[in-house]
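Pasting a structure here, questions to come.
Note that the chains are named A, B and C in the order they appear, and that numbering of residues resets to 1 at the start of each chain.
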(Lines give C-alpha, C1' and ligand atoms only; values in the text may rest on other atoms or scores of the structure.)
Protein backbone atom coordinates (compact mmCIF):
# COMPACT_ATOMS: atom_id res chain seq x y z
CA UNK A 1 0.00 0.00 0.00
CA UNK A 2 1.45 3.35 -0.97
CA UNK A 3 2.70 6.00 1.46
CA UNK A 4 2.85 9.59 0.24
CA UNK A 5 4.21 12.54 2.19
CA UNK A 6 3.09 16.16 1.84
CA UNK A 7 5.58 18.94 2.65
CA UNK A 8 8.27 16.66 4.09
CA UNK A 9 10.82 18.49 6.27
CA UNK A 10 13.80 17.66 8.43
CA UNK A 11 11.64 17.10 11.52
CA UNK A 12 8.28 15.93 10.14
CA UNK A 13 5.97 15.85 7.17
CA UNK A 14 2.90 18.06 7.28
CA UNK A 15 0.77 15.13 6.11
CA UNK A 16 1.30 11.43 5.45
CA UNK A 17 -1.16 9.49 3.29
CA UNK A 18 -1.38 5.71 3.73
CA UNK A 19 -3.91 3.91 1.55
CA UNK A 20 -7.03 6.02 1.99
CA UNK A 21 -6.18 7.54 5.36
CA UNK A 22 -4.21 10.75 5.91
CA UNK A 23 -2.48 11.79 9.14
CA UNK A 24 -1.72 15.50 9.53
CA UNK A 25 1.06 16.93 11.66
CA UNK A 26 -0.24 18.90 14.65
CA UNK A 27 -1.26 22.26 13.25
CA UNK A 28 -0.67 25.52 15.09
CA UNK A 29 -1.48 29.16 14.34
CA UNK A 30 0.63 32.31 14.45
CA UNK A 31 2.35 32.52 17.85
CA UNK A 32 1.13 35.29 20.14
CA UNK A 33 -2.20 35.78 18.35
CA UNK A 34 -5.55 35.34 20.11
CA UNK A 35 -7.12 31.91 20.57
CA UNK A 36 -9.70 32.87 17.95
CA UNK A 37 -7.04 33.92 15.44
CA UNK A 38 -4.85 30.89 16.09
CA UNK A 39 -7.80 28.50 15.77
CA UNK A 40 -8.93 30.11 12.49
CA UNK A 41 -5.39 29.89 11.17
CA UNK A 42 -5.23 26.21 12.14
CA UNK A 43 -8.55 25.53 10.39
CA UNK A 44 -7.23 27.14 7.20
CA UNK A 45 -4.05 25.09 7.35
CA UNK A 46 -6.03 21.89 7.87
CA UNK A 47 -8.25 22.67 4.88
CA UNK A 48 -5.21 23.32 2.70
CA UNK A 49 -3.45 20.11 3.76
CA UNK A 50 -6.63 18.07 3.30
CA UNK A 51 -6.97 19.44 -0.23
CA UNK A 52 -3.32 18.65 -0.99
CA UNK A 53 -3.94 15.14 0.34
CA UNK A 54 -6.99 14.51 -1.83
CA UNK A 55 -9.32 14.82 1.15
CA UNK A 56 -11.68 17.54 2.37
CA UNK A 57 -13.64 18.79 5.39
CA UNK A 58 -16.36 16.19 4.91
CA UNK A 59 -13.89 13.38 5.47
CA UNK A 60 -12.31 14.28 8.82
CA UNK A 61 -12.41 11.15 10.97
CA UNK A 62 -10.78 12.18 14.25
CA UNK A 63 -9.65 15.51 15.68
CA UNK A 64 -7.54 15.77 18.83
CA UNK A 65 -7.37 19.31 20.20
CA UNK A 66 -4.74 20.49 22.64
CA UNK A 67 -5.29 23.75 24.47
CA UNK A 68 -2.40 25.28 26.42
CA UNK A 69 -5.02 26.57 28.88
CA UNK A 70 -8.44 24.96 29.22
CA UNK A 71 -9.80 28.42 30.07
CA UNK A 72 -9.77 28.95 26.29
CA UNK A 73 -12.22 26.07 25.69
CA UNK A 74 -15.21 28.29 24.83
CA UNK A 75 -13.21 30.63 22.60
CA UNK A 76 -11.75 27.71 20.62
CA UNK A 77 -15.14 26.01 20.39
CA UNK A 78 -16.79 29.10 18.90
CA UNK A 79 -14.44 28.83 15.92
CA UNK A 80 -14.63 25.03 15.81
CA UNK A 81 -18.44 24.86 15.88
CA UNK A 82 -18.70 27.35 13.01
CA UNK A 83 -16.00 25.60 11.02
CA UNK A 84 -16.81 21.90 10.95
CA UNK A 85 -19.00 20.43 8.24
CA UNK A 86 -22.39 20.17 10.03
CA UNK A 87 -23.31 17.17 7.91
CA UNK A 88 -20.05 15.38 8.71
CA UNK A 89 -18.81 16.06 12.25
CA UNK A 90 -15.63 14.15 13.20
CA UNK A 91 -14.94 12.24 16.40
CA UNK A 92 -13.22 14.72 18.74
CA UNK A 93 -11.32 14.98 22.01
CA UNK A 94 -9.93 18.08 23.71
CA UNK A 95 -7.39 18.14 26.53
CA UNK A 96 -4.97 20.60 28.07
CA UNK A 97 -1.32 20.38 27.00
CA UNK A 98 1.18 23.16 27.05
CA UNK A 99 2.66 23.57 23.57
CA UNK A 100 6.11 24.20 22.07
CA UNK A 101 6.25 27.75 23.45
CA UNK A 102 3.77 29.75 25.59
CA UNK A 103 2.86 31.79 22.50
CA UNK A 104 1.08 28.76 21.03
CA UNK A 105 -2.39 28.36 22.52
CA UNK A 106 -4.04 25.72 20.35
CA UNK A 107 -2.87 22.68 18.38
CA UNK A 108 -5.10 20.33 16.39
CA UNK A 109 -4.21 16.81 15.22
CA UNK A 110 -6.29 15.38 12.37
CA UNK A 111 -6.83 11.94 10.88
CA UNK A 112 -8.97 12.03 7.72
CA UNK A 113 -10.07 9.82 4.86
CA UNK A 114 -9.00 10.43 1.30
CA UNK A 115 -11.92 8.41 -0.01
CA UNK B 1 -14.54 3.70 1.04
CA UNK B 2 -17.60 4.49 3.12
CA UNK B 3 -17.67 6.84 6.14
CA UNK B 4 -20.47 6.36 8.67
CA UNK B 5 -21.09 8.55 11.72
CA UNK B 6 -22.68 7.41 14.99
CA UNK B 7 -24.58 10.00 17.08
CA UNK B 8 -23.51 13.03 15.04
CA UNK B 9 -23.94 16.34 16.89
CA UNK B 10 -23.20 20.01 16.33
CA UNK B 11 -19.67 19.70 17.73
CA UNK B 12 -18.65 16.10 17.01
CA UNK B 13 -19.82 12.59 16.26
CA UNK B 14 -19.50 10.03 19.02
CA UNK B 15 -17.98 7.59 16.53
CA UNK B 16 -16.83 7.69 12.91
CA UNK B 17 -16.39 4.47 10.94
CA UNK B 18 -14.05 4.47 7.93
CA UNK B 19 -13.67 1.19 6.11
CA UNK B 20 -13.04 -1.28 8.91
CA UNK B 21 -11.67 1.19 11.46
CA UNK B 22 -13.74 3.18 13.96
CA UNK B 23 -12.61 6.31 15.80
CA UNK B 24 -14.51 7.18 18.99
CA UNK B 25 -14.86 10.68 20.42
CA UNK B 26 -13.06 11.11 23.73
CA UNK B 27 -15.35 9.52 26.31
CA UNK B 28 -15.88 11.00 29.77
CA UNK B 29 -17.90 9.93 32.79
CA UNK B 30 -20.33 11.81 35.01
CA UNK B 31 -18.66 15.03 36.21
CA UNK B 32 -17.82 15.17 39.91
CA UNK B 33 -17.95 11.41 40.42
CA UNK B 34 -14.94 9.40 41.67
CA UNK B 35 -12.19 8.27 39.30
CA UNK B 36 -13.49 4.72 39.69
CA UNK B 37 -17.05 5.73 38.83
CA UNK B 38 -15.99 7.92 35.91
CA UNK B 39 -13.75 5.21 34.49
CA UNK B 40 -16.50 2.58 34.76
CA UNK B 41 -18.92 4.95 33.08
CA UNK B 42 -16.42 5.56 30.27
CA UNK B 43 -15.92 1.82 29.78
CA UNK B 44 -19.70 1.33 29.47
CA UNK B 45 -19.94 4.14 26.92
CA UNK B 46 -17.07 2.68 24.90
CA UNK B 47 -18.72 -0.75 24.87
CA UNK B 48 -22.01 0.76 23.71
CA UNK B 49 -20.37 2.79 20.94
CA UNK B 50 -18.30 -0.18 19.79
CA UNK B 51 -21.47 -2.27 19.55
CA UNK B 52 -23.23 0.48 17.59
CA UNK B 53 -20.21 0.60 15.29
CA UNK B 54 -20.18 -3.13 14.60
CA UNK B 55 -17.09 -3.61 16.76
CA UNK B 56 -16.52 -5.00 20.24
CA UNK B 57 -14.03 -5.14 23.14
CA UNK B 58 -11.89 -7.75 21.41
CA UNK B 59 -11.15 -5.35 18.57
CA UNK B 60 -9.79 -2.28 20.38
CA UNK B 61 -6.56 -1.29 18.63
CA UNK B 62 -5.37 1.80 20.50
CA UNK B 63 -6.46 3.51 23.71
CA UNK B 64 -5.18 6.93 24.74
CA UNK B 65 -6.01 7.78 28.34
CA UNK B 66 -5.94 11.31 29.73
CA UNK B 67 -5.98 11.79 33.48
CA UNK B 68 -6.56 15.27 34.87
CA UNK B 69 -4.24 14.28 37.74
CA UNK B 70 -1.67 11.50 37.38
CA UNK B 71 -2.19 10.78 41.11
CA UNK B 72 -5.28 8.89 39.91
CA UNK B 73 -3.20 6.45 37.81
CA UNK B 74 -3.65 3.45 40.15
CA UNK B 75 -7.37 4.06 40.67
CA UNK B 76 -8.01 4.28 36.92
CA UNK B 77 -5.83 1.24 36.23
CA UNK B 78 -7.78 -0.92 38.69
CA UNK B 79 -10.90 -0.41 36.55
CA UNK B 80 -8.99 -0.66 33.28
CA UNK B 81 -7.18 -3.90 34.16
CA UNK B 82 -10.46 -5.58 35.14
CA UNK B 83 -12.24 -4.28 32.07
CA UNK B 84 -10.07 -5.04 29.05
CA UNK B 85 -10.39 -8.31 27.20
CA UNK B 86 -7.45 -10.32 28.62
CA UNK B 87 -7.11 -12.20 25.35
CA UNK B 88 -7.03 -9.01 23.31
CA UNK B 89 -5.30 -6.12 25.09
CA UNK B 90 -5.02 -2.91 23.03
CA UNK B 91 -1.97 -0.70 22.57
CA UNK B 92 -2.24 1.97 25.27
CA UNK B 93 -0.76 5.28 26.41
CA UNK B 94 -1.65 7.37 29.46
CA UNK B 95 -0.71 11.00 30.04
CA UNK B 96 -1.85 13.89 32.22
CA UNK B 97 -4.12 16.47 30.61
CA UNK B 98 -6.59 18.68 32.39
CA UNK B 99 -10.03 18.17 30.86
CA UNK B 100 -12.97 20.38 29.87
CA UNK B 101 -13.79 21.22 33.49
CA UNK B 102 -12.12 20.18 36.78
CA UNK B 103 -15.06 17.83 37.46
CA UNK B 104 -13.85 15.54 34.67
CA UNK B 105 -11.02 13.32 35.87
CA UNK B 106 -10.59 10.76 33.06
CA UNK B 107 -11.03 10.76 29.30
CA UNK B 108 -10.37 7.82 26.99
CA UNK B 109 -9.85 7.95 23.20
CA UNK B 110 -10.33 4.72 21.29
CA UNK B 111 -9.47 3.47 17.81
CA UNK B 112 -10.95 0.02 17.09
CA UNK B 113 -11.47 -2.40 14.23
CA UNK B 114 -14.90 -3.29 12.95
CA UNK B 115 -13.59 -6.47 11.40
CA UNK C 1 -9.30 -8.24 8.50
CA UNK C 2 -6.80 -9.78 10.85
CA UNK C 3 -5.71 -8.31 14.19
CA UNK C 4 -2.36 -9.42 15.61
CA UNK C 5 -0.92 -8.40 18.96
CA UNK C 6 2.78 -8.11 19.82
CA UNK C 7 3.87 -8.66 23.45
CA UNK C 8 0.36 -8.76 24.90
CA UNK C 9 0.25 -8.17 28.67
CA UNK C 10 -2.33 -7.79 31.40
CA UNK C 11 -2.66 -4.04 30.82
CA UNK C 12 -1.84 -3.55 27.14
CA UNK C 13 -0.12 -4.96 24.09
CA UNK C 14 3.08 -3.30 22.99
CA UNK C 15 1.78 -3.26 19.40
CA UNK C 16 -1.46 -4.12 17.63
CA UNK C 17 -1.49 -4.76 13.88
CA UNK C 18 -4.76 -4.30 11.98
CA UNK C 19 -4.63 -4.93 8.25
CA UNK C 20 -1.58 -2.96 7.17
CA UNK C 21 -1.52 -0.46 10.04
CA UNK C 22 0.24 -0.95 13.38
CA UNK C 23 -0.45 0.98 16.58
CA UNK C 24 2.31 0.96 19.20
CA UNK C 25 1.77 1.40 22.92
CA UNK C 26 3.23 4.65 24.25
CA UNK C 27 6.96 3.98 24.60
CA UNK C 28 9.02 5.28 27.51
CA UNK C 29 12.69 5.07 28.43
CA UNK C 30 14.46 4.12 31.64
CA UNK C 31 13.01 6.21 34.49
CA UNK C 32 15.32 8.82 35.99
CA UNK C 33 17.67 8.93 32.99
CA UNK C 34 18.29 12.14 31.02
CA UNK C 35 15.91 13.31 28.31
CA UNK C 36 18.55 12.35 25.75
CA UNK C 37 18.95 8.85 27.18
CA UNK C 38 15.20 8.29 27.55
CA UNK C 39 14.52 9.47 24.00
CA UNK C 40 17.26 7.23 22.56
CA UNK C 41 15.86 4.30 24.52
CA UNK C 42 12.37 5.04 23.18
CA UNK C 43 13.69 5.19 19.61
CA UNK C 44 15.33 1.78 20.04
CA UNK C 45 12.13 0.30 21.42
CA UNK C 46 10.12 1.72 18.54
CA UNK C 47 12.54 0.27 16.00
CA UNK C 48 12.34 -3.15 17.66
CA UNK C 49 8.54 -3.13 17.79
CA UNK C 50 8.28 -1.96 14.18
CA UNK C 51 10.53 -4.82 13.11
CA UNK C 52 8.45 -7.32 15.09
CA UNK C 53 5.36 -5.87 13.41
CA UNK C 54 6.72 -6.23 9.89
CA UNK C 55 7.22 -2.47 9.59
CA UNK C 56 10.27 -0.21 9.75
CA UNK C 57 11.41 3.39 10.23
CA UNK C 58 10.50 4.33 6.67
CA UNK C 59 6.84 3.56 7.33
CA UNK C 60 6.06 5.65 10.41
CA UNK C 61 2.86 7.56 9.65
CA UNK C 62 2.17 9.56 12.82
CA UNK C 63 4.17 10.26 15.97
CA UNK C 64 2.66 11.91 19.02
CA UNK C 65 5.27 13.03 21.54
CA UNK C 66 4.50 13.84 25.16
CA UNK C 67 7.07 15.71 27.21
CA UNK C 68 6.61 15.94 30.97
CA UNK C 69 8.22 19.38 30.73
CA UNK C 70 8.25 21.40 27.50
CA UNK C 71 11.60 22.85 28.62
CA UNK C 72 13.02 19.57 27.29
CA UNK C 73 11.79 20.26 23.74
CA UNK C 74 15.23 21.04 22.27
CA UNK C 75 16.94 18.12 24.00
CA UNK C 76 14.31 15.65 22.75
CA UNK C 77 14.38 17.16 19.25
CA UNK C 78 18.15 16.72 18.95
CA UNK C 79 17.66 12.95 19.29
CA UNK C 80 14.52 12.93 17.14
CA UNK C 81 16.02 14.91 14.27
CA UNK C 82 19.02 12.57 14.11
CA UNK C 83 16.84 9.47 14.37
CA UNK C 84 14.05 9.80 11.83
CA UNK C 85 14.45 8.56 8.29
CA UNK C 86 15.24 11.79 6.41
CA UNK C 87 13.60 10.42 3.29
CA UNK C 88 10.44 9.48 5.13
CA UNK C 89 9.56 11.90 7.95
CA UNK C 90 6.28 11.12 9.76
CA UNK C 91 3.49 13.52 10.67
CA UNK C 92 4.26 14.68 14.22
CA UNK C 93 2.81 16.56 17.17
CA UNK C 94 4.42 17.36 20.53
CA UNK C 95 2.62 18.51 23.66
CA UNK C 96 3.27 18.64 27.39
CA UNK C 97 1.77 15.87 29.53
CA UNK C 98 3.05 14.67 32.84
CA UNK C 99 3.67 10.93 32.63
CA UNK C 100 3.10 7.90 34.87
CA UNK C 101 5.73 9.05 37.38
CA UNK C 102 7.96 12.16 37.48
CA UNK C 103 10.93 9.96 36.51
CA UNK C 104 9.50 9.57 33.02
CA UNK C 105 10.28 12.60 30.87
CA UNK C 106 9.30 11.53 27.35
CA UNK C 107 6.68 9.22 25.84
CA UNK C 108 6.15 8.61 22.13
CA UNK C 109 3.03 7.13 20.48
CA UNK C 110 3.44 5.70 16.98
CA UNK C 111 1.12 4.66 14.18
CA UNK C 112 2.94 3.01 11.27
CA UNK C 113 2.27 1.09 8.09
CA UNK C 114 3.27 -2.54 7.67
CA UNK C 115 3.14 -2.22 3.91
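Rule of thumb we're sticking to: contacts are C-beta pairs under 8 Å (C-beta built on N, C-alpha and C of every residue); 3 or more make two chains touch, one makes a residue touch a chain.
Please read all numbers here as calculations on a predicted model, not as lab measurements.
It takes 120 degrees of rotation, in steps of 5, to superpose the Cα atoms of chain B onto those of chain C.
Two copies of one sequence, chain A and chain C, touch each other mainly through non-matching residues, since under half of the numbers at the interface are common to both. Put simply, the C-alpha centre of chain A and that of chain C have 21 angstrom between them.
Chain contacts: chain C has residues 21, 66, 97, 111 touching two or more partner chains. For chain C in complex with chain A, the residues that touch the partner chain are 20-21, 59, 61-64, 66, 70, 73, 77, 80-81, 84, 86, 88-97, 111, 113, 115.
Residues of chain C that touch chain B in their complex: 1, 3, 5, 8-16, 18-19, 21, 23-26, 66, 97-101, 107, 109, 111.
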